[in-house]
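Two complexes follow with chain A in common, the first pairing it with chain B and the second with chain C.
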Partner chain A sequence: MSSSPLPNSPGSPGSPTPSGLSRAEAWRAPLESVLLPIGALLTALFIFGIFCAIAGANPFAVYASIYKAAFGGWSAWQNTLIRAAPLMLTALCTALPARLGLVIIGNEGALVMGGLGAMLVGLGLGTTLPPFAVQLAMGAAGMAAGGLWIMLAGALRHYRGVNETISSLLLNYIAIAFLNHLVEGPLRDSSFITKPSSAELNPANWLGTIPGTRIHFGLFYGLVVCVIAYILIQRTTFGFAARTTGGNIRAAKLAGLPVGKLTLAVCFLGGSAAGLAGMVEIAAVQKRINESLVSNYGYAGILVAFVSRHNPLATVLVAILLGGILASGGILQRSHNLPDATVLVFQGIVFLCVLYSDSLYGKLPWFRADAVSKATL
Partner chain B sequence: MPNRPPFPFSVGLSRRQALRGLLATAAFGAATKLSGCTATDTGDSPAGEATGAAGDVVVGFIYVGPKDDFGYNQAHAQGAQAMASVPGIKIIEEASVPETSAVLETMRSMIEIDGATVLFPTSFGYFDPYILELATEFPEVQFFHAGGLYQEGVTPTNVGSYFGYIDEAQYVAGIVAAHTSKTGQLGFVAAKPIPQVLRNINSFTLGAKTINPDATTQVIFTGDWAEPVKEAEATNSLADQGIDVVTCHVDSPKVVIETAEKRGIFSSGYHADQSSLAPKGYLTGAEWDWESIYTFLGQQFVEGKTLMAGDIEHVLRGGLADNFCKLSPYGPAVSEAAQADAEAARAKFLDKSLVIYNGELKDNNGNEILPAGKEYDQQNIALEKMDWLIDGVKGSTGS
Partner chain C sequence: MSESLGLLGIPLAILAGTLRGSAPFLFVSLGECITEKSGKINLGLEGTLLLGAMTAYGVSFLSQGAVGTFWAPWLGVVAAGLAGMVLGAIHGWLSQQPRVNDVATGIAMIIFGSGLAFFLGKPFIQPQAPQLFTFEWGAWSSSPQLQSALKVSPLFLIGVAIAPLLHWFFRATRWGLTVRAVGDSPQAALAMGISIFKVRMASIMAGSFLAGIGGACLSLYYPGVWTERISSGQGLMAVALVIFARWNPIQCLWASMLFGGAQALGPAFQSVGIDSYYYAFNAAPYILTLLIMVITCSPKQTLAGSPGALGKEN
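Here is the complex of A and B:
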């Protein structure tokens, strides 16, 4: 986990490349990074099938149901995308700092702080401004709150040498406790008795759904932010500096890169993505802030980030995959009488396989540049 | 959606009717169980998405946690199984559904894929905004929610509430606890200081005080519905203080009951029967009796009755007398005298001659709650917004 260089262009085998790069050679690396995850997914399905058979269900019927519930139609797709939307954003909270060599797992806390910041601004502004301006302010507040929260972990790392993984993990608990304190005390709307909650966000300021769907605009935010993050990391000098620092911090310092500033900035950006997810969850789904904001979107985001190998574009795909897995959880229970934890078993198997496949880059004979021929497979 | 006033209306007009129906259907349910007719259970359509046999009413149950949690969800799941034995009912279930957009998707999928026409999203927190949102979108589907949050004229007419005065059972459990306790110090592990929880704490304490006027109940709030570690810590800390009977109001009492048994003190259950977890120390417990309510409602659905047509009351409430709750069988440590007093109190609840909250009552800060001669009957709105702890309770409602 803590290995510092996280290769963004896989397939760089140690052995020297033989002369004369054929077309097949050029395609080898991209093909490897597509086929390996697919192979991992198939392996996972196979293992999960054994699990289902042991649990007394027909694996093939289960596969069919998973497909149908997750991707088998527009309604299923909407279900999947709704679940994927927050994960894209929370994943960036781990993925961006990872490019700098940091392992940040404070996604849940950043999401909570983002939700809180957005809610305070939303409640404070009420209807004094047009809804669009309020939403903008809420988004900015959510991003600022989430960003500052993770920047705290970055600052502790840079200035005090505190392990950022541990500090960001602990910051989660502080954020959740802070949320509970606020909704059970100062922010509590005592007229709402379902659970201790803040007052309701004015309906004018709710984030609606994308026309013609039941998907809220959070999906749109997620996609846009992931693309921006990708461009920022892969196509700008800022991103280059960050990646360089992630590759070798001493070299980066020698090269005169402002490592401290980079650390703080990248942590802020990561946290602000999770903060935005909190804002979306509040403004589009829950409309009040309460303990339900803590529903594992942050922790699931860590998984998404690692599986996508911290590539913001891959994050989108992995989030959709996980969204689909989650969307199929209900059908597994209802149609196959499998226990409610089955979907977690499936999720766990998928992620273990994908993470394991990570270690195979450059090791499988066919993908090795010095492979004699494809026939060796 | 506008803010809701602080309490639901307690419309109790049809409780007699409901009771009669309940008794009839409870007998009916028992008969069908005996005849071994388990109708359409589960998992009988392995290949495809579950759809009911032609004519079956498909009823969806949604739980916030696992179905075997020895607590809130298990109580509902047992009720669902009872409903499944009503001929003409097919139930589908989904467990561990969080109170997020996930429950929206689950409800929608039950309606659209499984053809459910009645939904029981059982967690209290599903109500607002999730149930309200889907109820508006699917006016032909009936939604039933445990918790009495229905408000006439505000809540969509296809939403109904049902809830029990389980504090009556807690009152009786308090009597048993006070009889069994040697120190007169009782303990209560509670999740959150909200009215329903406070009402259980107060009723338990009032029951105990009828036996031992000096009995005290030490309350510890864990802050959340499922906090196993804090629940164990709280139980241990209560035991360390010399408290020898604990009860609780958390989603799953499992940890509290098991910890109490390990510490060699007595325990009183909640939500469901936990006697198997503490064979020595389990005294009794306040249990939901969703089996009878759900069997009754299942029968209504088969007969084609709906909330929208006004055939089913929007608010179904009741206590021990109406089979909304019950007591766990008495454990081995409960004395004859304790059983006699407990049964006497239970009998008074059954004929509705006992009112728990009657003056003079003071809270544990010395403020008067009820003057002498006044009383709050179970339907009283003041009880729905309770924010005080009765004299004899050690603890505070502030978080």
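Here is the complex of A and C:
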């Protein structure tokens, strides 16, 4: 971030012409919104390196390990993508309401409620229906449960003026307590002694893997939902209404937009994405419901949403990046003797750097109108 | 043990839980109160609480050889406050940058603070650190439950003393007025020649100092251990609690005791053998917080006592 502005190259093709917008002019803003987060990520990597050095590890060896565990080869890529799938979905739980101007961080709770809803339906239906129909019902139940959970935060915001950030966070703890109550009591499978858990989902209803890989179909769900969310927000009147409300709520009300309905609908959609992540985790990874479902995908999803600037397509890329970082947690522990919380520290540093980079929009010399070209960056 | 008291054990256990469990709420809510009076929100106090708990425990454990088991925990308390201040400085600086939202910064600080606490606290999960002494106000009683219920921490008493002191500070001192002016009407404060940045920085750091001490209450008094789940959202509940207390330090005290009591419901019922709803009762403080916010908030107007600049752009 601290690098000095690049020298302007006078002969570059994108020189602004006095008559109007040149190509470089038109590309400046999008490029800025891509390069600033990348710069923030690099800065975060640098600060994280200092942190590792203080903790007694060689930062370059740590970088190499992260890269190798995350993206070094097909097996690493599979690990990364398995983790990226739920992240794409949980990120939408923050990203969609953010377009409406709400800061929702109930991702973990929505994931848990979605997992619970999916599990109850999956256990209830058993093998009475063909697996495809059961999975469909599980997905629908998960989305409904997660969606309603976050819609509650949206409703409290709209009808009672309750701060949605705090209420959605409290709902996380309530959802986790509810999960614990169910798996310790009514749902408990006493034949499974490792930890209090529900019965196992019938293997027929498990979410399969993409042939030839270990990657489950949840990745496919994540990609499709992110594309749908992008079209919904950027290309429909509904999305336009939501973005207008997020930009200026008073103007939206004056224009006659149904702010209340929009709030509820967008919160429901965000929550249902996280709920679907819960269904995916249950049907493809956990197979039983227990406390392992609470594995920080929700909190990491908040980070993904903020780094991708709440753009559902960028979410896919950032989720893969963060999935890789999560996948490298184990190797940091084994090879560098760093605690597993190292990954969490790194996430915190990334988050702080990305927030700081937000204050730099329009400030850095090479993104100002008088700068010429930054294609060489 | 508990059968001897029968159902009387429930209110007793709740009383005990109130005395023990309200201290962290009290410190964090007073800290958040100072912060919000200056017009900024610090959601990151959850992370501050965790880092404070870890620092207090670690320093107490490591320094016991050098300063003895009486002073080591007090050194831990001070260290916890200072660690909190460091996080507060980051929050104070970052949240005052243009276009940076203080709520988002708070979320980042939760992740960063808890990550740092778990990272540095890994070696301290096993060993037992020296704990703070307690006043044995139940020594007159022959009932062991009553004796353990009336073990009161000096930290709790310090917190109880800080509440009215803070109330007086905001009402009657020049500095208190300065903080309130910055929180209510930054433009007016600017016209008075006050540096908004410095006042908010100082308020956030002071608030984080108290929140760090709140963490020390957790790890050096009750429950008196260091684990990664020690705070479980108490830092966030304290933020809601300040809204409930209408930004009044004395009401923060009553609200903290209410929350401490609510938190003791699950263990209290378990202590008399009713444990089928243990986890459901554990959700009580969160549900209570939510209910309180639903009742006290209003979509139409800003709340009485709310600092004017709270939640506004820089």
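Operating definition for what follows: the second predicted complex is superposed on the first by the 348 of 377 C-alpha atoms of A that agree within 3 Å, B and C clash if a C-alpha of one lies under 4 Å from a C-alpha of the other, contacts with A are read in each partner's own complex, and residues count from 1 in each chain.
Quick note on the criterion: a contact is a pair of C-beta atoms (placed from the backbone, for glycine too) under 8 Å apart; a residue touches a chain by one contact, two chains touch by 3 or more.
Treat the numbers as computed from the prediction; the structure is a model and nothing was measured.
Novice: Once the two structures are overlaid on chain A, check if chain B and chain C clash or fit side by side.
Specialist: Aligned on chain A, chain C clashes with chain B.
Novice: Once the structures are superposed on A, label A:N180 by its partner contacts, choosing first (chain B), second (chain C), both or neither.
Specialist: Touch partners of A:N180: chain B and chain C.
Novice: Quick one: classify A:E200 as touching chain B (first), chain C (second), both or neither.
Specialist: Only chain B; A:E200 stays clear of chain C.
Novice: In the superposed arrangement, which partner chain does A:A341 touch: chain B (first), chain C (second), both, or neither?
Specialist: The answer is both, since A:A341 touches chain B and chain C.
Novice: Name the contact category of A:I282: first (chain B only), second (chain C only), both, or neither.
Specialist: It touches nothing on chain B or chain C.
Novice: Of the two partner chains, chain B (first) and chain C (second), which one does A:S295 touch, if any: first, second, both, or neither?
Specialist: first
Novice: State the stretch of chain C that overlaps chain B in the combined model; pick it from 37-45, 73-81 or 145-153.
Specialist: 145-153
Novice: By the touch definition above, which chain A residues appear in both interfaces, chain B in one complex and chain C in the other?
Specialist: In chain A, residues 180-181, 184-185, 339-341 are touched by chain B and also by chain C.
Novice: Could you please specify the touching residues of chain C with respect to chain A in the complex?
Specialist: 43, 90, 94, 97-101, 103-105, 107-109, 111-119, 122, 232-233, 236-237, 239-240, 243, 276-280, 282-283, 286-287, 289-290, 293-294, 297-300
Novice: Note which residues of chain B are touching chain A in the complex, please.
Specialist: Residue positions touching the partner: 1, 3-7, 42-43, 45-50, 66-67, 92-102, 105-106, 108-110, 112-114, 124-125, 127-129, 147, 149, 192, 194-195, 223-224, 385, 399.
Novice: Could you please specify the touching residues of chain A with respect to chain C in the complex?
Specialist: These residues of chain A touch chain C: 55, 103, 105, 156, 158-163, 165-167, 169-174, 177-178, 180-181, 184-185, 299, 302-303, 306, 338-349, 351-352, 355-356, 358-359, 361.
Novice: Mind pulling up the chain A residues that touch chain B in the complex?
Specialist: Of all residues in chain A, those touching chain B are 57-58, 61, 64-65, 68-69, 75, 79, 82-83, 180-181, 184-185, 189-196, 199-200, 203, 214, 281, 285-287, 291-292, 295-296, 326-327, 329-331, 333-337, 339-341.
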